[in-house]
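Chain nomenclature is as follows: A, B, C, D, E, F, G and H, assigned in order of appearance, with residue numbering initiated at 1 for each chain independently.
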Amino acid sequence: MLEHVAISRAIIESYMKELLNSLRLDVAIVGAGPSGMVAAYYLAKGGAKVAIFEKKLSIGGGIWGGGMGFNKVVVQEEAREILDEFGITYEEFEPGLYVADAIEVATTIASKTVKAGAKIFNMVEVEDLVVKEGRVSGVVVNWTPVRMTGLHVDPLTVEAKFVIDSTGHGAQITQHLLRRGLIEKVPGEGPMWAEMGERLTVEHTKEVFPGLYVTGMAANAVAGAPRMGPIFGGMFLSGRKAAMEILQKLRA
Amino acid sequence: MLEHVAISRAIIESYMKELLNSLRLDVAIVGAGPSGMVAAYYLAKGGAKVAIFEKKLSIGGGIWGGGMGFNKVVVQEEAREILDEFGITYEEFEPGLYVADAIEVATTIASKTVKAGAKIFNMVEVEDLVVKEGRVSGVVVNWTPVRMTGLHVDPLTVEAKFVIDSTGHGAQITQHLLRRGLIEKVPGEGPMWAEMGERLTVEHTKEVFPGLYVTGMAANAVAGAPRMGPIFGGMFLSGRKAAMEILQKLRA
Amino acid sequence: MLEHVAISRAIIESYMKELLNSLRLDVAIVGAGPSGMVAAYYLAKGGAKVAIFEKKLSIGGGIWGGGMGFNKVVVQEEAREILDEFGITYEEFEPGLYVADAIEVATTIASKTVKAGAKIFNMVEVEDLVVKEGRVSGVVVNWTPVRMTGLHVDPLTVEAKFVIDSTGHGAQITQHLLRRGLIEKVPGEGPMWAEMGERLTVEHTKEVFPGLYVTGMAANAVAGAPRMGPIFGGMFLSGRKAAMEILQKLRA
Amino acid sequence: MLEHVAISRAIIESYMKELLNSLRLDVAIVGAGPSGMVAAYYLAKGGAKVAIFEKKLSIGGGIWGGGMGFNKVVVQEEAREILDEFGITYEEFEPGLYVADAIEVATTIASKTVKAGAKIFNMVEVEDLVVKEGRVSGVVVNWTPVRMTGLHVDPLTVEAKFVIDSTGHGAQITQHLLRRGLIEKVPGEGPMWAEMGERLTVEHTKEVFPGLYVTGMAANAVAGAPRMGPIFGGMFLSGRKAAMEILQKLRA
Amino acid sequence: MLEHVAISRAIIESYMKELLNSLRLDVAIVGAGPSGMVAAYYLAKGGAKVAIFEKKLSIGGGIWGGGMGFNKVVVQEEAREILDEFGITYEEFEPGLYVADAIEVATTIASKTVKAGAKIFNMVEVEDLVVKEGRVSGVVVNWTPVRMTGLHVDPLTVEAKFVIDSTGHGAQITQHLLRRGLIEKVPGEGPMWAEMGERLTVEHTKEVFPGLYVTGMAANAVAGAPRMGPIFGGMFLSGRKAAMEILQKLRA
Amino acid sequence: MLEHVAISRAIIESYMKELLNSLRLDVAIVGAGPSGMVAAYYLAKGGAKVAIFEKKLSIGGGIWGGGMGFNKVVVQEEAREILDEFGITYEEFEPGLYVADAIEVATTIASKTVKAGAKIFNMVEVEDLVVKEGRVSGVVVNWTPVRMTGLHVDPLTVEAKFVIDSTGHGAQITQHLLRRGLIEKVPGEGPMWAEMGERLTVEHTKEVFPGLYVTGMAANAVAGAPRMGPIFGGMFLSGRKAAMEILQKLRA
Amino acid sequence: MLEHVAISRAIIESYMKELLNSLRLDVAIVGAGPSGMVAAYYLAKGGAKVAIFEKKLSIGGGIWGGGMGFNKVVVQEEAREILDEFGITYEEFEPGLYVADAIEVATTIASKTVKAGAKIFNMVEVEDLVVKEGRVSGVVVNWTPVRMTGLHVDPLTVEAKFVIDSTGHGAQITQHLLRRGLIEKVPGEGPMWAEMGERLTVEHTKEVFPGLYVTGMAANAVAGAPRMGPIFGGMFLSGRKAAMEILQKLRA
Amino acid sequence: MLEHVAISRAIIESYMKELLNSLRLDVAIVGAGPSGMVAAYYLAKGGAKVAIFEKKLSIGGGIWGGGMGFNKVVVQEEAREILDEFGITYEEFEPGLYVADAIEVATTIASKTVKAGAKIFNMVEVEDLVVKEGRVSGVVVNWTPVRMTGLHVDPLTVEAKFVIDSTGHGAQITQHLLRRGLIEKVPGEGPMWAEMGERLTVEHTKEVFPGLYVTGMAANAVAGAPRMGPIFGGMFLSGRKAAMEILQKLRA
């Protein structure tokens, strides 16, 4: 027989176990877009304790809408192996240019990332950073609807050895350092230039402040590099690059 | 070299091919929630030409938030085999009651549904039905943001042999018949009673008007049966039941 | 030399002359959509004193967006001659089905309608009807932004021998009679069925209350007939039919 | 017999053909106001491949409302020949000052511009520019309602040899260069002075950055020149001037 | 040394213990206004396991604002002993009519109610009832900000032997039964008549459906009895009366 | 020397004296529009203790905007003497039809009404009536901004021998009786018919429930009589008629 | 017999005559608050052709609400003669400090100002200035609801020898010069200090740019002088001072 | 017998007595959060005449929501004695770290503060400061709903020897000095670091401008010190420190 109290208890207890277990992380990732999820996937596979905090209810960031809502996305040759890693179907549109279904891309990456061991906390917004003795060492979290409604409710704090800002072109996490003068500037993404943007998003993926990495469009925004539209190879490679560098440091 | 025009063309051409290909369907499903996606999965596996129209950018309906945002969902014994069919991880909370990660559930079902051959059109709202000679024979679709902004833009029409209303407790598709007096009443979901609600959602999954099926909470809303909260077994079984019945009729 | 006062005077004086001249009309048309403009065109050509009151700044109603914003519209064989009358370019898509550019359609009809002698008052909303001794005999008008902002400002009144409700599926002018119990019901448009809807919109174009005509989707809404989507032949024919009937009565 | 699928196909196929055909343009014009449409008209007549991207559903910009909604507009002697070119009716208010119906002006120019071969994409917003190797070489486009609703959906890209910013006093396209520091300043329009404003809008019509022209009020905004109110001669002459200069460069 | 993780853990663990402990209650009270808190106080003192669910962040309902924001409230002779029970300061305005500070009243009652052992869950909205076999047997709860933002998130369920609707004149909890046809009507509060309203609010405090009590203005709304303004004696007596009756039934 | 405390005290003390003095009135008038102010003027002149409660900051109702914001109003022969009574300037437009400046009309009537001894409480909304033993005997008042912001703040009560509903076509005060079933119906104003509307507004000025008078458009709304636009003679005569009848009853 | 067309014509014609007559003014005053109306009164009495443009429907600015909505205002000895000039009733609160009814103050001043010959255009917003050859020489006006709704409608222009900015602490008219760099700064009002503020508002009343005067709080805002709360003597004296200075210059 | 007029009079008279009595204070505290209420408590106990102005209807600031709505708060060893002073229940979570119920904390402190003699004016916003001869000497107050609705209503003024800004991280009162250039900068709170934040909030509690103290998060915002999340010891100690220093100065 189905009991209401059992259903409520099952949900509360299993969630709280994971929440308490996530208060001290190796890596806290902000934003479950393409670069954030790919980073989480490789970090989890590499044995790190990792959680993603995503302010929306759903994951996927800008993948869902393809271009102008035509829900297809493009991936170039350099990143094809990541489509293969996740088992995503694709078609070759012209040599070196592949088209995939946006919904399959978003959901397959998320599904595999969770199965790999990364915990995703959705509807949870990172409203600030923990900065201790000159190093980012955690995130300050709250329910998204609390922030949306402007209710006066304090956040909670999660400690992490590394934080990844994968919030896209707003680079919202890095902005918290900017407004305190801890970093000098965040010029924002440059005008559209797909080829250059794709190359630079990987190049600019790095630790921009002790303890804080930037990936994907956040990397380009922090560097003032071009935007690129509905092509996702650079996002994937950026996420993997950040994961690999952090794993090395964690092991050091 | 990455060309902007190639990226734009790749997306437009591959999307339009699918859109034109979906103007005449076996089954048009409205709402990419749990029962709608499970129905699409089994229909596609059964060889039907099927598309889901989802008004949000993301799929998953009410799965993402678990209970009160504690992102875990519960499934009972009767539906465990569907978790297994999709390869979703779960834990036994007490005998016959299983807990799974909400994000893994939502994304894994969607990923497998697309791979099975169902096309999902997201950010597309079904604003009305086609009714010809007393039979529902298609859906009237528009971009969701067009409706949200109140812009005066006409829809397009998609023909289908069957339409499934899997829009949840609002039964929004069935409402289009109600306000024209084509069906008599939609009492809406009853108060919470998980056990009864789970049983009845499967029982009430049926063709409520020639050409129109209801599944999941829409089935209970049309029948005035109880709601059930963050337990999803009934949703899954309802979706599968509708798929099986329709497949039989399509083959007839 | 360009003088500010001359510019202001030129505009105020020429507008006010037309406004004062329009306080007593043969026909007041509400809504500058396809059926309303076509009616105005034929009425003006037939020598009637006619003005259109349009609540938006721009004319054209639902023409601009084509279907889902793909800005093309469809016209069937029966109404091709009206495209020719206005000199609108079109292509044959399949036998008897023509496609035209939505923007060319909207602007060409409006341009020709004004040139034919019909005055269009845009940004002016008809907020009520004049009803004297059981006959509609005018419209009650106000600036649209006044209504939108809820400011408490009285309207002005325009007398007319006939009023045409060409406000689309809302049949907003006929609603003013409905809420006073002067007509019995306005069932609203039925579900989509293009062929039937096109046929019935012409059939239902008629005087529904002494002094009040309905055209286009308003005619179908008052009759409970089907909607038809981005095909405009019926709209055009409805507008012309109303014009012809009213001209006859005016001459009687 | 009218088939729904045929109507949908006719619209989708004819639109998509034009959209694909417009991915590589000679000139992309942003804003279907008076200067943008006049520029498009002369460019199309001159044989250039040109499209206008207009964020609203309707074209016409500030023409519709005349002055304070009194829907009349004024044109001075210098631009009378353009009224004649388009076949617009006008009256002489005082020597050298002509008054025309705002609706006739807006719709006649648009009608003739489309017939001349320019494609207008309405409800499409230019959200950024393509800048490659120091030259503006295209526009980044999205559905307006997507931007209005804040949905997270990537844009598409259109390549063009020249871009015209005819977005009015906001100079919204030139702003994209300003916030990246690619141009130094956009002081905005000066206070009202009709005579000076009319003269300067033509004078300031020019290429302000490699590949980017400004016309109409955008030209005055970029130069800090006066505004002029509901007189449109300068707008028309500015559009024609930009067209003539670009045609020369395209032929070079 | 203060550790972030310790602070987070302290809060999460102590809250979750109380939440899990409250999934099965003797009495669930909806609304922490005057009648609801007084009922909770006497129930807790009487040994019942009781929790209040309050949709706002703060408790107190209509007490804070006194009359028109003049933050004083009035209590009549009959209820003076309840002011004394809570130790609230008051002054005699005229014989039998006492004035107290609104803030002292609201906060003192809440403080004493919590100390008496009642748990208050604030920012938690009761969105529906549990009804099993014709008896109200619990409440369906969700975070208020989730409801305010319209996010699609399922609720959780709390079982209770009795539910008290102390939501004020909206009688929001009883409305859930009304819209399912489980009770016949909720006429709403009558016009102002303080004396009659005060008397009837106590008289109408009762079990209106198996398992569901109404108190305070909700009692008058369900009975169609008069409202009474910023006098609170009736509220207090109503809360105490409900508590006493329920305690008796719980002990039975 | 100007002291802040003296300024604050002067305002608070003089207002509170009037507020306390107005808690028991002969006549409470709701709405400082034309009929309400004229009624107050004659009542005050007749020696009655009268106050107007006006929900806006400013008085005047629909007078300010004239017709469509052209700030002139029209008065017919029958009411010319009331213009003279208040000393308002006017011009004869045609025999028996006078035009006056809307601002002069609104402010002169208000100025004279206050000087005559009527107190106007602005920014105060009447949110309900006092009904004791089948007779309206007062009004329930609150600050308008409190209602606008939805803050939960109780009102205060003012007793009155008579209440006048001069709230215009909404008849908002009479609606409070309607929703309690104390009167049978409020059909609302009929379509425009100036001549009939002007005549009937005076005819329908009467006591519609023991203790409650209706005047102006509220009288027509309660009777279902026509509206009349920016002509104010009927309003003035209605206000005077109500005042005269009530004075007689007060003296009885 | 009352004819609709006669009513409409009476209003349109009499308004338009005044509007056309006001296109060339001696003084254009922006804002019908206390200092603007007093200035208009003395200017009109002095024989100047003057109009006030007020963005709200009603006049009076901050007078209506007294202090915190307690609708009484305070006037000190120095300005008592202006109360007498307008015939406003007042009481002495303490030596040299007078209290008056806010509604009587606002409406009596307005009534007398219109009677003195000043035209007030309400619901008309001044959205910019005319600046020719370094001198303010007119205002740019539009309907307020047009601006509120963001509709794209051009303004009209009114020429004036002098413009008075009496828009209060925002000094909204002077801001138009500030953002063009024509004046250096508008520091805004200083913190509260009634005595100092009252003194300085008169002192700072002056021509701040050729052709532009500031009065009342706008004068203090431009000078960075203190605010003063609900005391109005300074406002009155400032308005009179501006009027006197301008009259002298006009006569020069 | 309960009389409406008696209830209204009781409330108005007792409130106005307190309001008039509070126009000249020893200390005006802005914000009824933890530091403000604790300061008021100790000031009142020390014999000062003190009032709190709180813009919300309810008191308590950020206490109610605990962390993320889990309504528990944490207090460290150093501040335990203040919990004891107020008689608040708590549990030891780990050595030196105590957990208390958020609702009990908020309401108990408020209840005791009012009983100690401090008057709390809720729904009253401090919109500015009085600054005379270089010293803060009072606050400028208005109803919160007036500000929320943007109604144009002047404030009233309260004189005070000292003002405390306890408005939290916005330091809204100190901002009034900043925008007049009276203090140099308000850097805002730094990133999260609980231990450091708790220590510094006490350290930075001080007189930042003659007559103006800052406490709690406002102290850290003015100093640019770290935020600390749902731990309240520092808030309590800051409030007590400010009280003690001010008492000393008042006695001097």
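Some notes on this structure:
Rule of thumb we're sticking to: contacts are C-beta pairs under 8 Å (C-beta built on N, C-alpha and C of every residue); 3 or more make two chains touch, one makes a residue touch a chain.
All values reported here derive from a predicted model rather than from experimental measurement.
The set of chains in contact with chain D as well as chain E comprises A, B. When the CA atoms of chain B are superposed on chain C, the rotation angle comes to 90 degrees, reported as a multiple of 5. Of all chains, the one whose CA centroid is most distant from that of chain B is G.
Between chain A and chain G the centroid-to-centroid distance comes to 56 Å (mean Cα coordinates, whole Å). Centroid to centroid, with C-alpha atoms defining each point, chain C and chain D lie 28 Å apart.
Centroids of chain C and chain H (each the mean of its C-alpha atoms) stand 61 Å apart.
Centroids of chain E and chain F (each the mean of its C-alpha atoms) stand 39 Å apart. Annotation for chain D: residues touching 2 or more other chains are 4, 7-9, 11-13, 16, 57, 64-70, 123, 130, 138, 143, 146, 151-153, 156-157, 192, 194, 229-230.
Contacting chain pairs in the structure are A-B, A-D, A-E, A-H, B-C, B-D, B-E, C-D, C-F, C-G, D-G, E-F, E-H, F-G, F-H, G-H.
Across the interface of their complex, chain A is touched by residues 61-62, 64-70, 187-188, 190-194, 196, 224, 226-227, 229-230 of chain H. Within the complex formed with chain G, the residues of chain C that make contact are 4-5, 7-9, 11-13, 16, 19-20, 23-24, 57, 123, 130, 138, 143-146, 148-149, 151-153, 156-159.
By the touch rule above, chain C contacts chain F in their complex via residues 128-132, 138, 140-143, 146, 151-157, 176-177, 179-180, 182.
Within the complex, the chain E residues that touch chain H are 1-4, 6-16, 56-60, 64-74, 76, 89, 91, 93-94, 97, 99, 101-104, 106-108, 110-111, 114-115, 120-123, 143, 192, 194-195, 198, 229-231.
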